[in-house]
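Chain lettering (A, B, C and D) follows the sequence in which the chains are written, and residue indices restart at 1 in each chain.
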Amino acid sequence: MDKTASLSEAISTHLNDGDTVALEGFGHLVPVAAAHEIIRQKFSDLTLARMSCDVIVDQLLGANCLTGLIAAFVANSSAGSLYELRRRVEHSDPEPLWFDEYSHGGMVARYQAGASKLPFQPIASYRGSDLAQKNPRIRSVPDPYGGSPIYVVPALNPDLTVIHAQRADSAGNVQAWGMLGIQTEAAFASRRLIVTVEEIVDESIIRSDPNRTIVPSHIVDAVVEVPRGAHPHAVQGYYDRDDAFSRDWSALARDAEAVKQWLQTYIHDTADYEEFLELLGSERFDKLGIRDAYSTPVNYGGRE
Amino acid sequence: MTASTSEHTATKTDDQVLTSSELLTIHSARALARRRVVFAGHGLPTLAIALAQRTVAPEIEIVYESGVTGARPPDLPRTISDSVLVPGAASVIPMTHLFNYVLQGQRVDVGFLGAAQVDRYGSLNSTLIGDDWEHPDSRLPGSGGAIEAMAGAAEIFLVMRRHTPRTFVETLDFVTSPSPHRAAQSEVGTMPTGAGVTHVITDLGIMTRWAQDEELTLSAVHPGIDPAEVVRQTGWDLQVAADLETTQAPTPAELTILRESLDPTRIYLR
Amino acid sequence: MDKTASLSEAISTHLNDGDTVALEGFGHLVPVAAAHEIIRQKFSDLTLARMSCDVIVDQLLGANCLTGLIAAFVANSSAGSLYELRRRVEHSDPEPLWFDEYSHGGMVARYQAGASKLPFQPIASYRGSDLAQKNPRIRSVPDPYGGSPIYVVPALNPDLTVIHAQRADSAGNVQAWGMLGIQTEAAFASRRLIVTVEEIVDESIIRSDPNRTIVPSHIVDAVVEVPRGAHPHAVQGYYDRDDAFSRDWSALARDAEAVKQWLQTYIHDTADYEEFLELLGSERFDKLGIRDAYSTPVNYGGRE
Amino acid sequence: MTASTSEHTATKTDDQVLTSSELLTIHSARALARRRVVFAGHGLPTLAIALAQRTVAPEIEIVYESGVTGARPPDLPRTISDSVLVPGAASVIPMTHLFNYVLQGQRVDVGFLGAAQVDRYGSLNSTLIGDDWEHPDSRLPGSGGAIEAMAGAAEIFLVMRRHTPRTFVETLDFVTSPSPHRAAQSEVGTMPTGAGVTHVITDLGIMTRWAQDEELTLSAVHPGIDPAEVVRQTGWDLQVAADLETTQAPTPAELTILRESLDPTRIYLR
């Protein structure tokens, strides 16, 4: 079954106002193009699940797409603060934000429980942490084998998950390498799944290395080719991270008006991600080149 | 967090001023002797481990939160998820495995953490400044994986660039990553099997503690630092070891490796 | 750190009478050579954890190495019964066997909990199954989010796990492909870990493809090169399964005396696995050849 | 389990005797219409899915317990963990993902199971014959993944080569994989969201049921089979559908694909 779609179609078909949407990617393979398309299509009242935040969280907040956030780390990686987020949390400016906070381990466990259709997942951390006191969704169960009661976190089942990967075939068998974050779990936990990829490739390439598949086609609703779809994050084997962009964002986002202006110019006034990239300028990408480093092939051979 | 050169520790070595970052890195490296599996952030901990591999602990294996183990990056990583860590690494394990099997699985000997505030038992705050979780005066990044590192690693090394009464406090604004002492006061959840923070390495000296109910004790000061000054800069009545030592100044060998081999362009050694 | 060892050294160093030992591999990459070495060294009072059984279970039982078995499937794959096992379970012949029985999903969950140092893992199956009634170690916890009480299975933490893989470097970074069973979880759950491999390779090969590593070196105690170490099971890219051997075993093992004779001839009277393979005869292996099917290399390149 | 040619269903098609295996495979394939993700064992289910892909359900994706999805083996797999399944497959996912995310995750539309005994609500026994779990008369393979397939798949297709009162029983010797009807009588554990066994395909006909408290009902008999004979061969008072049908005989097209393309050397079509 051919599941290829345009980004615009995929997002408009599979996302609804009020949904919980997971955009995952741990500083690598982040679905930035999909976040922009959500802004461009002016979705609202979304709750974003994003274990470790970055510029797209500030952008979605600045565009007023979000009323809730489920996360464990709310800075702009090593580039500084996310000021839209801080204004929301510190001053409810311009509006309050429902913030459902965990640790990274807690988010991992929540996605795992969601993917596994379990109501919750036990976790060995949190004893003595104020987080477990403050967040009423972190609970505990007795240990029927005689130990202490153990903390549990509830399943997280997004309405839509979007992940970005290096490649997929048109049926939606998705392959990725390098740091894989919590994407597979976020994908399986979700009711609907969009995958954006650097390249849609012939299935013979995918099928030459089946252990490389991180998400099998049968859980994918749409697959979209979006080159450079993770900028300013890196894609292993394709392009490097654009630290200047992330640092500049933290500087810019101190001013709420500057954020609005940026969103207007770079997202609302561009027709799609391709136009956005053109506006950013190709010189940017000239600096993000990578050296090649190919894996040694392995032999998948079976019975003659 | 930005690097800052601390006046009171600046000394001359080989015509070059010793920076606070160098001092902290070298003492972190020394403390890694006999450790093997180390969970690290980018920057100073990465450099400290690389230095330890060349000096006191050749067998150290580095593990990043992103799942990368045994990295040999051609360039210094800018974050723990920098793709420069991947080519030539020994493994990139799934993040579920990193959190469930490596950290929670108690496979880590030492975890490096930073924090905005630390208390006398080594509980850490990296969540907020203020007294209201929902509306803090200043919202900090949050736990990330810090809660899991504290709960799962055998020991935690805390590196604090500035030793002040605002960072070494009697009461944390928020207990993000609890010490075992703090955890023991709760009745719910799993007791950590590790010791919590065993080393705090600051610009003034080194504090250590080893057992659940033991406080951080000033065990060494850097050359030229008055222990009374350290006590003044600490927000609780800091205990000073009876056998207080003065740390050995960085050796030329350590400085050479650090400056010429590990960070020649001084990305982190500002 | 060089962790290479001989199989004999590795087993004698890391196994003790009375231990719980996990030998995992789901019809592929089964640590058969290690099972033989356990027999050869005459260990006793072991409890074997093996999700899905096969000939090595019958062999270890016939050699009187085991007093306990933790498993979920106790036939010889599609080749028939395991008669040593049936004699034990049906007639306590020659001795009773403590049999701790789960489903495959239950065993997966037990290893996961063990690897994660959790006391237990919840599981959504078992409601209404007699297995949950009969096995007192399958218990339940309340759902603090309002659902029904949920079944849980206890952590499984073997004293020793042995797994077999295609290749490793001398430090013990282990790579495998094809069907990976529950090996990674059994490895992380274990107090000690031996890995046998078809080939010890230069670390540059391992490090050219870090996502292929199923077990990182820091949890490995010994790595042993044992070519054909999984026979009669297959190793993807190396050799095919030897179905004739497995079928012949089920025929032979109907007779307890024949099992004793086989163990004497093929294991006790051979000095090591290499001699065992010689005794089996190289013609056997001529029939198990594979065609080659190499993966397409991927680019791991990062910053220039 | 060995294939056996059942006398009463042997008919002539194209000069070749229709075997029981062919009959069961063809009716299993037809029942797969409109299904998409199918969890299968080797042998008959694998053949049925391949036939369905060529006829009623081109979009079917096959999933094996070993973690292989979208297999296109050059040779028929001899077990679910045959390495012949891997080259050219769409994915080999970790077994943890297969059990946790695919089966328990309710991603499977149809699971194929076999059993030694089945009861009127479709509970299955694959554990033992006898009345003592610790010392059964005959120890069978056990659950394997059957409990999880029953609990996680939207429907279960049960294929039984011999329809006899010893296999279709009033009371199971052991409930390995419980029907939702049976699960509902328990108060502990998670209720399956699937329907349990919806199709039982035997050498005599087809039984169906759709709702938790619905019994298996004889909905069709193969050509030439007397429904009264099916009732006699069933260990409970089998309900017969008011609109009982006679199954359509295998078509030449189905037989040609099966015999000439899918299993030309008749490994499973004995």
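Brief remarks on what is shown
We take it that a contact is a pair of C-beta atoms (placed from the backbone, for glycine too) under 8 Å apart; a residue touches a chain by one contact, two chains touch by 3 or more.
What you see is a predicted model, and the numbers here were worked out from it, not measured in a lab.
Chain B and chain C, compared by their mean Cα positions, are separated by 39 Å.
Chain A and chain B have Cα centroids separated by 29 Å. Each chain gets one centre point, the mean of its Cα atoms, and the points for chain B and chain D are 58 Å apart. Along chain B, residues 68, 82-88, 92, 100, 104, 152 each make contact with two or more other chains.
Residues of chain C in contact with at least two other chains: 112, 116-118, 123-124, 140, 147, 150, 177-178, 180, 184-185, 208, 211, 234, 236, 240, 290, 293, 300-303. If you sketch which chains touch which, the pattern fits none of the simple shapes: not an open path, not a single ring, not a star, and not all-to-all. In summary, the structure contains touching chain pairs A-B, A-C, A-D, B-C, C-D.
Residues 116-124, 139-145, 147, 150, 152, 154, 166, 175, 177-178, 180, 205, 208-209, 211-212, 234, 236-238, 240, 289-304 of chain A are the ones touching chain C in the complex. The touching residues of chain A, when paired with chain B in their complex, are 26-28, 52, 71-75, 77-78, 85-86, 89-92, 99, 101-106, 108-109, 112, 123-132, 134, 140, 147-151, 177-182, 184-185, 234-236, 240-241, 243, 290, 293.
Partner chain D is touched in their complex by these residues of chain A: 1, 112, 115-118, 169, 171, 173, 184-185, 188, 203, 206-208, 210-211, 213, 216-219, 300-303. Those residues of chain D that touch chain A in the shared complex are 36-37, 59, 61, 63, 68-70, 72-75, 82-93, 97, 100-102, 104-107, 152.
Per the touch definition, chain D reaches chain C in the complex via residues 42-43, 65-68, 78-88, 92, 94-96, 99-100, 103-104, 123, 127, 133-148, 150-152, 174-179, 182-192.
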